[in-house]
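Below you'll find the structures, each written out as structure tokens.
Consider the two complexes below, in which chain A is the common component and chain B and chain C are the respective partners.
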Partner chain A sequence: MHKRGLLFYVKIYLKIIKQDIKSKMTYRADFIISNFGMIIQQAAGFITFWLIFQNFPSVAGWKYEEMLFFYGFSLIALTPMQCFFDNNWFLQQKVYSGDFIKYCLRPINIFFYFISEIFDLKGLGLLTAGIAILAYSWVQLEIAFSFLILLILIVNLFAASLFLIGIMNIAAAVCFWTVTGEIAMVFAQQFQGYARYPIAIFNRVLRFLFTFIIPIAFVSYYPSLVFLRPDNIPLLTWLSPLIGVLFFMLSYFIWMKGAKNYNGTGS
Partner chain B sequence: MKKIITLKNVSKEYKTLNRREGLRGSFLDLFSRNYKIINAVNDISFEIKPGEKVGLLGPNGAGKSTAIKMMSGVLKPTGGEIFVNGVIPYENRTKNAENIGVVFGQRTQLWWALPLIESFKLLKDIYMIKNADYDNMMELYKSIIDLGPLLNKPVRQMSLGQRTLSDILASFLHNPKVVFLDEPTIGLDVSVKSKIRELILELNKNKNTTIILTTHDISDIDALCERAIIIDKGNKLYDNSLENLKKFFGSYRTLKVLFKKNEEWVDYLVNEDEQSVMQKLNEIAAQKKIVDIKIEEISTEDVIKKIYDGGIND
Partner chain C sequence: MIKRYLALTRIGIMRVIQWRGSLLITFAGNIVYLLIIYNIWRAIYSSSPAETVNGMTFTDTMVYLVLAMTIFNVLNIFIVWIMGEDIRSGQMVLDLIKPMSFRSYTFFSTLGGNIVQFFVVFVPTFIIVNIITGGAIAIGLNIFFFLISLFLAMIIFFFIEFAVGTLCFYTESVWGINIVKETMVLLLSGAMIPIAFFPAGFRNVVNYLPFQAIYNTPLRILTEEKMPLNNILQMLFVQLIWVAVFYIAGGLFWNISIKRITVNGG
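Up next is the complex of A and B:
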């Protein structure tokens, strides 16, 4: 039997992405329209955000620029999920129709094979918008800049995206048991919107929910405290990279358990 | 003699909910634990030798696909044992996947947006096929069929026939020991069917690949296989050479008669040893006006009915 290590998967993945981008370019109209749609969607989100802060200079002690920081941070953290894990949105349809079986027939990891199928370029728009917003608020807030802080930023962004991916993996995997409906995915996406606000502004029930049940507080609130409240950093902030890795692994195991549970609907 | 596939008393049960009727019933079902157990495959055993061409024949829902899914490692049997090339498929899915190729008719496994040649190149990497082996296989393909119109065409633009051909080519690419073909000719017209059968036969001859084919169309088995296993409602009814089967059914034809336009065809099973199709036709025509006729081979359902009636011993 052949051994298939990390290098093998990286090589295959790059090839698939290359082919996928090539083929996407052939659907030019779709490519242009969907990118345009993404820009409009993000702009609408931002304008709402901006309008709110025209009326309230601060929310629960958080300034407009600080809120922008959370916003930009969460957009960047969203990018890997949008770019690399978008196929989760199509899982339910493939399980329902029985087409999912094709992922079980190759001598490679099922999760990898499934996820590798789509690379969504639209995510790069999120990244651009996120970096612009984050950089603007960074300058406005006069946060000191050093190599160390950049490193912490990258590690925290990485952990934050692992939380987002993990949430969506689990939400997608629900369909392995229920077969119908993508309600869990829609539900999870709704909650993503809350990730851009500091959880301190919510009541106790929601705070508990967003920290321990659907951990969106780790997407921007906890990791951003390093930069916004450097004098008072809670333990959960330091632990968030570790918890992020563990949470992602948990979501992977749930997804794979679901795939094993799958028994090929239809003939 | 060495065996490539062994099934020992294999069973597969599914649990399904007993559904009630109506909206109220659907609501009650939400809380119901009233399961019904379905035996998709029921205590089936057989052995297959390397290079053999075996047809699994049975009507829809007979358990053929379930059997294929168990042999390809997707499903775990609820009872019994399976070995494919010495590997237990459901316990070692990836290792088993290297030795087998699987084709599901009407359900492509190729990358939808990519030209076929790019799918082949990805498969070459995934299965770690050596350059020389890959080139040899491509040479063989080119000697059997005209690859020209296929290679640079994205799979999504292909006709069903082209896609099935492509899927079969892809399944043989890594030179597997066994290829499972699940209803490969379903929905195809006669000329494409025969092209696909030709391709399968050539590949089997050249590479000595074991072929397991499921179908509900007896003419597939007739054209491709030397051995037939008949399954109905999860049970094995018959397992013997095709010749033995044909001794009993070779002389049977299904005569389909249309009496009125837009009405349903009426089937007559004719045993040509007793009465020729022409005689039967005259007999019918004497009583009723005929609009159109078709002559087909005996249907799988009729074969199964005959077996139940005790018309044949295995």
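Up next is the complex of A and C:
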């Protein structure tokens, strides 16, 4: 397989996505209801925090607005995965049915071709909720705003989303080796939800687990500290963009190794 | 008459037991969830000046939330998903021509799943919680009322699921409809945060909604040992009213919907 340029892939991606969006738009009601559902779900998350702080002054020293900051940050970081990488959920089904073989037979990158097939519009509801919550807490906390801080925010959000995508890639790739791939996906999704809490409130075992094994501490906690605790930023916060890129690459290699092992179902 | 319904339930039980893998996922997922909420609520209570907040200590809250989680497992049998998929694939036509009402057919065939989850998830968790907390939950007449209340909660939850499943005839959106339902039920029933923590105004509104009858009612009957019999009977009565309301309204909604649907590939 010879290498193709980036421009070639961008062109192909836009073409495939256009088809997918066209086909989805025939179910317009589904698009509206799904996004509404996404927003309702996040509104409930917001209300949950609000209810807690109606009864308690803080969560181990973290203020209401700070908890919301972590939450909003994690929702925005979740968006790229939801929009662009949702096809991972259908990997297992395609591997078992044998349909996956179609991706192996095209002269383009297998991972790219598989992932590009679906653009999940539900992510837009997620993004809306995330921006609203982050903006609200940002204003309430009176965090200074400058071009530099916006740049750091974007870089950190980008890195955070790489961690989430990486986790889901690895979880999805499990199905190349075992028949219990579903378990890995369900678990990984469960952990995504826990990324909204500041990791500092957990005990040592969970902190270790969430930093070094299933790195959800990098989804919201470490990157947010730049804005919430600017006087005391840990080293891991600065390193998180670099680790994010490395982690994503690792997940890509695992996924591709699984795909190369794929023998089809013989039918 | 009742025999053919119970046959459906028996098949349901056998089908769920076949899926041991998914029971394992539930179990492992619960353990992680437990660890997380334990840590979160410990952090929340650590910043409180008082040990008891709204009449609930840290232990009370944990017991409540852990049991809420297991009730979620007992109740949640994906009826909306099954109905949505049956509508999409056209399989529903085959169930509609069966010689019993579709609602009863669905209820009794999914009841098997509830029963298995009750014995596999709820009972062991209940025993473990009671051992760890040194008998936080009194064992007496409250267990009897709890079982009645849980059964009523199950019926109410089934009717809500069934009504939402019926809605899928109109929308072709299963994911969106289901997530709205799940979010509303979990938040407004007190499954995520006990209703005791809701501000008074909010709590009043929630008390007039059917959702609190699903989690809050059975859990309070189980955990508040000093609750007067009068209160218990009153709460059970409210549950019965909701069962009646949903039985009639849900039935009407279904009868209207079934007349105007088209099922794919039928």
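In the analysis below, the second predicted complex is superposed on the first by the 260 of 267 C-alpha atoms of A that agree within 3 Å, B and C clash if a C-alpha of one lies under 4 Å from a C-alpha of the other, contacts with A are read in each partner's own complex, and residues count from 1 in each chain.
By our rule, a residue touches a chain if its C-beta (ideal position, glycine included) is under 8 Å from a C-beta of that chain, and two chains touch if they have at least 3 such contacts.
It should be emphasised that the depicted structure is a prediction, and the values quoted were computed from it without experimental measurement.
> Comparing chain B against chain C, which has contacts with more of the residues in chain A?
More residues of chain A are touched by C.
> If you stack the two complexes on chain A, which partner ends up touching A:194: first (chain B), second (chain C), both, or neither?
Only chain C; A:194 stays clear of chain B.
> Touching A:86, do we find chain B (first), chain C (second), both, or neither?
neither
> Let me test your reading of the model: by the given contact rule, A:186 touches which partner, first (chain B), second (chain C), both or neither?
After superposing on A, A:186 lies in contact with chain C but is clear of chain B.
> Is A:47 touching anything from chain B or chain C once the two structures are fitted on A? First, second, both or neither.
After superposing on A, A:47 lies in contact with chain C but is clear of chain B.
> Quick check on my understanding: which residues of chain A belong to both its chain B contact set and its chain C contact set?
None.
> Using the touch definition from the top, list the residues of chain A that touch chain C in their complex.
Those in contact with chain C are residues 27, 29-30, 32-38, 40-41, 44, 47-48, 51-52, 54-61, 122, 180, 182-183, 186-187, 190-191, 194, 197, 201-203, 206.
> Sort out for me which residues of chain B touch chain A in the complex.
14, 60-61, 64-65, 69, 72-75, 93-95, 97-98, 102, 104, 107-109, 111, 113-114, 118, 121-122, 125-128, 154, 182-183
> Would you pull the chain C residues touching chain A in the complex into a rising list?
21, 24-25, 28-29, 32-33, 35-36, 39-40, 43-49, 53-54, 171-173, 175-180, 183-184, 186-187, 192-193, 197-199
> Name, in rising order, each residue of chain A that touches chain B in their complex.
Touch list, chain A to chain B: 1-2, 4, 11-12, 15-16, 19-20, 23-24, 26, 98-99, 101-102, 104-108, 117, 263-264, 267.
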